[in-house]
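Chains: A, B, C and D, in written order; residue numbering restarts at 1 for each.
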Amino acid sequence: MEHFALWLSAFLTLGILSFLYKDNPWYKLSEAVFVGISAGFWFVTLFWDNLVGKFWDGWQDEPMLWVGAALGFLMLLRLVPRIGWISRWPLAFIVGATSGLWLMNYLASNIMVQVQATIQPLFSTSYASGPDAGWGAIVGSLVIVVGTFTGLVYFYFSKEHKGAFGATARVGIFFIMITFGASFGYTVMSRMSLLIGRIDFLLGDWLGLIN
Amino acid sequence: MSTRAKELIALGAITLFALSFYLNKVWGRGTFEFPTWLSAVVIALIGLSLLWILVLTLKGRLIERRVVFVYVGFAVALPLFMSFSQKITISPEVYQLHDALMELPAGSKVLISFDYDPPSAPELQPMAESIIRVCFEKDLKVIVMGLWPQGPQQANLALEKVFQDSAIVAKNLQYGKDYVNLGFQAGNEFVIQRMGSSFESMFPSDYEGTPYKEIPLVRNVRNFSNVDFSVNLSAGFPGTVEWVQIAVDRYGLPMGAGNTAVQAPVMYAYLNAGQLEGLLGGMSGAAEFEAVAEYQAKGTKFMLSQSFAHVVVIAFVIIGNVAFFRSGRKSKLRGN
Amino acid sequence: MRQLVPLTITFCVGTLLIVSVFIPPLGDLERTFTLWFDIIAVFAFFLGGGNLLRVHINKLWRRKKDWGFSIVTLAGFATMLAAGLFKIGNPGDIATAVDAPGSMFYTIFDSVVVPLGSTMYSLLAFFVASASYRAFRAKNREATLLLLAAFIILLGRTPFGLMLTEWVPDSFSLLQIPNLAIWIMNSPNLAGQRAIMIGIGLGVVSMSLRLILGIERSYLGGDNA
Amino acid sequence: MTFHRGRTSSLASGFSARLIIVIVVIAFLAAPAMWSRADGPDIVLAGSDSALVSLAPVTSLVAADNTYDNGDALRLTWVPSIDDRLIDSKIIGYRVYRLAGTGEPEAIADLPPGSNQYLDETVLRDSVYSYYVSTLSERAEFPSNRTAVISPQREWINLDRGYLFLIALAIAGAVIYYVTVAKRGKKLFVRKIAGLEAIDDAVGRATEMGRPVLFIPGIHDMDDVQTLAALTILGRVSRTIADYESKIFMPVARSLVMTAGREVIKSSYQAAGRPDAYSDDMVNYITDEQFGYVAAVDGIMVREKPATVFLLGAFFAESLILAETGNSVGAIQIAGTARPAQLPFFIAACDFTLIGEELFAASAYLSGEPRQLGSLKGQDVGKVIAMVVIMIGVISLTFAEAWKIEFMQDILDRLSVVFSTN
């Protein structure tokens, strides 16, 4: 059984990797297995966690959960063509709930927190000592303020990017590009380690070639 | 020969290769390692072929993606066969974690939370293994748990690995007395918060179903105040940030952390503020810790692959750009 | 009518949630609505899962191209449903968690979904390399900056970064690549990140308002239907 | 699959400090009454008394209502034991006891040494409670005096969030103001957004080549605004597709998104006057599993060879896998997400990328409708507010720090009160 599981894992792993060469039956098989089993996995998980765990075990304490179930049921009315339009109601609920929630969330966490965090002194006596002492810190805080400011100018919609305004927006996009470069550099590193893990599985756990 | 025939032959070769080596493994033959001269030859070959790609690209022939893929595959796979003594510079935060563990008196309880899943294992598993090993060598008691569903399983894999070493086996450590796996509990940061008042309320039984009160190691562990040190191995949410905010800030639990390379930069703020006593970041962190603990294992080995892979990526960026500039920036090579 | 009811629901629900932030007794509303959402999602899965079955049975029935793989998908789906809903092979009784170690559900997940997921994830390493070769070009000033930043960060995290700039005197330690990498992360990167985040925040506020007020109704079929 | 919101509570610091002082003063005045009413429980000895060291109990213990909640929390504050300040203090922590009504004391929390407050969130409105806190040593407990009885109060309006309310009002007000201005017919200028200008061409290209358009709405459910943004754009795109008579294909990772996507495309086809051209097969649920979905979409890309690919919504690690595969089949790709970590990959591998805010503005921009454009203008007011605040803040902080100008410090304090979110 242990041998079987190991070979199955290796077989599927190689099947996915074979996609790099080209689309082929081996990949299609791995893909079909993946889709079928993972869809089943998620349905079962949703069933036990949400339907049983949250609704069935909870409605005695919270009768209001029936409203959720009713909305869910309305969703199923899509299957009846004549009254299928009723399924828009639960969708409308979801759109309303998502918009309402995120409006306040983003206002607080994205706008207010970030604006407040940007407010920092351009230079300060504390730079003379401390671990970050030196011109790096001064340039650093200047860069943060200028970068945030010009970045916002780049996103400004109601003015053409021309003249001084255009130049400022261009500085803004420079900062945004550096941000992207930094994320790229960082992400590349951890992605490589994923591959190392898979190859270690194939050559080590499966074939026993490496220690 | 038709493409189809070639493909079939390749498939056959892969199967043969796999079968032969698998049987080799089953019969208990050893592993392979390149001698130094071979490693040098391999590295030289990789370097030369990169040059060749540069020449090709300069001539205006963009090599196929699949060649790039093969490169990455080799750059990651081949170093796993090599054993080089790498010059590893050890960061202060790695020393700090090691020192924190070494300073604990024998018998101290260390809580290790495994907050990651298999995809992040290449980075975090080597850390887990060497940290557990250090704990056992120092006769510290280890309590493991997980805020990610697959965390406790990763913990068991790490424990298994550590117990393959005869020096550790000789200590005759017992489950429940010297180490315990409390398992997974859903609820993210709320689990940490509740653990602040009672471990037992979150882990009524351990991974194997033994009731909390019947486990000698934790019978008297009521909450964080009965734990002497903790290590958090984390690949995202919930993870080190939550542990610091709740367990460290509110309950004063001393804590060190191991993080994936993507996450690590965020943690430096906590490190500088003294909320973390040591930090291992990504594969290099794992390798450095192994160097400090003087036990070379997977982290060191993987680090070589990682460096190779970086170099290959950097080489490809350079090659692409050299070609791009040589062709006067109006290359036909497709780009954005 | 067919538009009015949904628009009214969206408006009421959205407004209630916004107001609830300022009225403590309504503080639980968020949790309630989240629960409702989770329950609706299960019902929706009956449609999604049903659709999966329909598509693949259809493919099989009509003997469309690659129909053989549909059998595999259907079989996998059915196996997982059976294993999970009836908790086959679970240690203990039906009350244990569905993904208790040792259960069939758990075993399949562990030996199929986990390796497949990890491998698919690791394909990223290959694509990163091909994108580096093909797409990361210093086409203009913006792209050059992106590349430079990426380069410094990449080098800064390998031993090479240190080797390359070890000669830089300590009074200019910022110019050593590992330090420069940290500086980039903490200064220009942070600035760009903040501008993007503030922008996103405003974008979300504005879009949410358009949805709640019913100005944006393209998802209901355009402006005049 | 949950809504996330940063938990927000607790008082603005200045206010709470004053409140505590008032409470402490009142407590002192009422102290004699408390002593006479409730004698502290006896010292509890846990072990042999030979090693017993007597520890001072905590003082000034006060239980107060936690303000601005639904009456479900009480806040305890105290002055830690004097012994806690010693270097090798014998104190191992504090244990909080609660008496509900006239019931027995019940230990509700253990806190580390140095603690001086606790928020009890397990109380019920309309019930009465009193508390005491024990100082713990290895072997014994040293209880404090009991607090007066108290019951949690509910408040109807959270005054702490007054500034949040004002800022929300300012930004939302600006949006609504410009929407009404636009409605009255005033022309508003909005600059070009390259990625969106390209949509028509991209769809046209698919028609010419006779290949489908692939629309990927990210991998999150409907409870992520990015998915909503993708669906609003889908409304515009599918309308164009219906007009051009091209084919659209939309594999999704969530059942709800499937239902919503079908609704959107169907409505667009109806609006375009081609309801019979619509079919449910345009939108298919694949699987919720992130990489299972990616595996399937990669397969679809190489088999169907779409001429145009839209990648709009919440993307994670799969962004580059999808974008590179799409690129390898020669598709024109238009991408957009609000996740900064994935944007560089889209920028590298796709032809056009909507960066963050542009994703949310896209549908309004594409509609060309005055009211929608007005909302974009309102958004810009938000940006101006942010920029002005940053400028004022930075200048006053720099002056306050460098030259110790008090007036500047005042401005700064005011700003930090306004922008604190808790």
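Here is the rule we go by: contacts are C-beta pairs under 8 Å (C-beta built on N, C-alpha and C of every residue); 3 or more make two chains touch, one makes a residue touch a chain.
These figures come from a predicted structure and were not determined experimentally.
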Shared chain contacts [subunit B and subunit D, defined touch]: A, C
From subunit D, the most remote chain by mean C-alpha position: B
Pair joined by more contacting C-beta pairs (A-B or A-C): A-C
Centroid distance [mean C-alpha coordinates] between subunit C and subunit B, Å: 23
Centroid distance [mean C-alpha coordinates] between subunit C and subunit A, Å: 4
Distance between the centres, which are taken as Cα means, of subunit D and subunit C, whole angstrom: 16
Residue numbers of subunit B (touch at least two other chains): 65, 69, 72-73, 76, 118-119, 261-262, 265, 282, 306, 309-310, 313, 336
Multi-chain contact residues (two or more partners), subunit D: 1, 3, 5, 8, 164, 168, 171, 222-223, 225, 228, 256, 259-260, 263, 285-287, 289, 291-292, 295, 317, 340-341, 343-345, 347-349, 355-358, 361, 376, 379, 382-383, 386
For subunit C, residues contacting two or more additional chains: 18, 21, 30, 33, 37-38, 40-41, 44-47, 49, 52, 99, 113, 116-118, 120-121, 123-126, 128, 130, 132, 134-136, 146-147, 150-151, 154, 157, 185, 192-193, 196-200, 202, 204-205, 207-209, 211, 219-220
Residue numbers on subunit A that touch subunit B, as the complex places them: 10, 14, 20-21, 24, 131, 186-190, 192-197, 199-200, 203-204, 206-211
Contacting residues of subunit A [partner subunit D, same complex]: 16, 19, 22-23, 27-28, 30-31, 34-35, 38-39, 41-42, 46, 50, 75, 78, 87-88, 91, 94-95, 97-99, 101-109, 111-113, 115-116, 118-126, 145, 148-149, 152-153, 155-161, 176, 179-181, 183-184, 187, 191
Complex interface listing, subunit B residues touching subunit A: 7, 14, 18, 21-22, 24-25, 29, 31-33, 66, 69, 72-73, 76-77, 80-81, 118-119, 121-123, 260-262, 265, 272, 282-283, 298, 301-302, 305-306, 309-310, 313
Contact set on subunit C toward subunit D in their complex: 18, 21-25, 27-28, 30, 33-34, 37-38, 40-41, 44-49, 51-52, 55, 113, 116-117, 120-121, 123-124, 127-128, 130-131, 134-136, 146, 150, 192-193, 196-200, 202-211, 213, 215-216, 218-225
Footprint of subunit B on subunit D - complex, ascending: 92-93, 108-114, 328, 341, 347-351
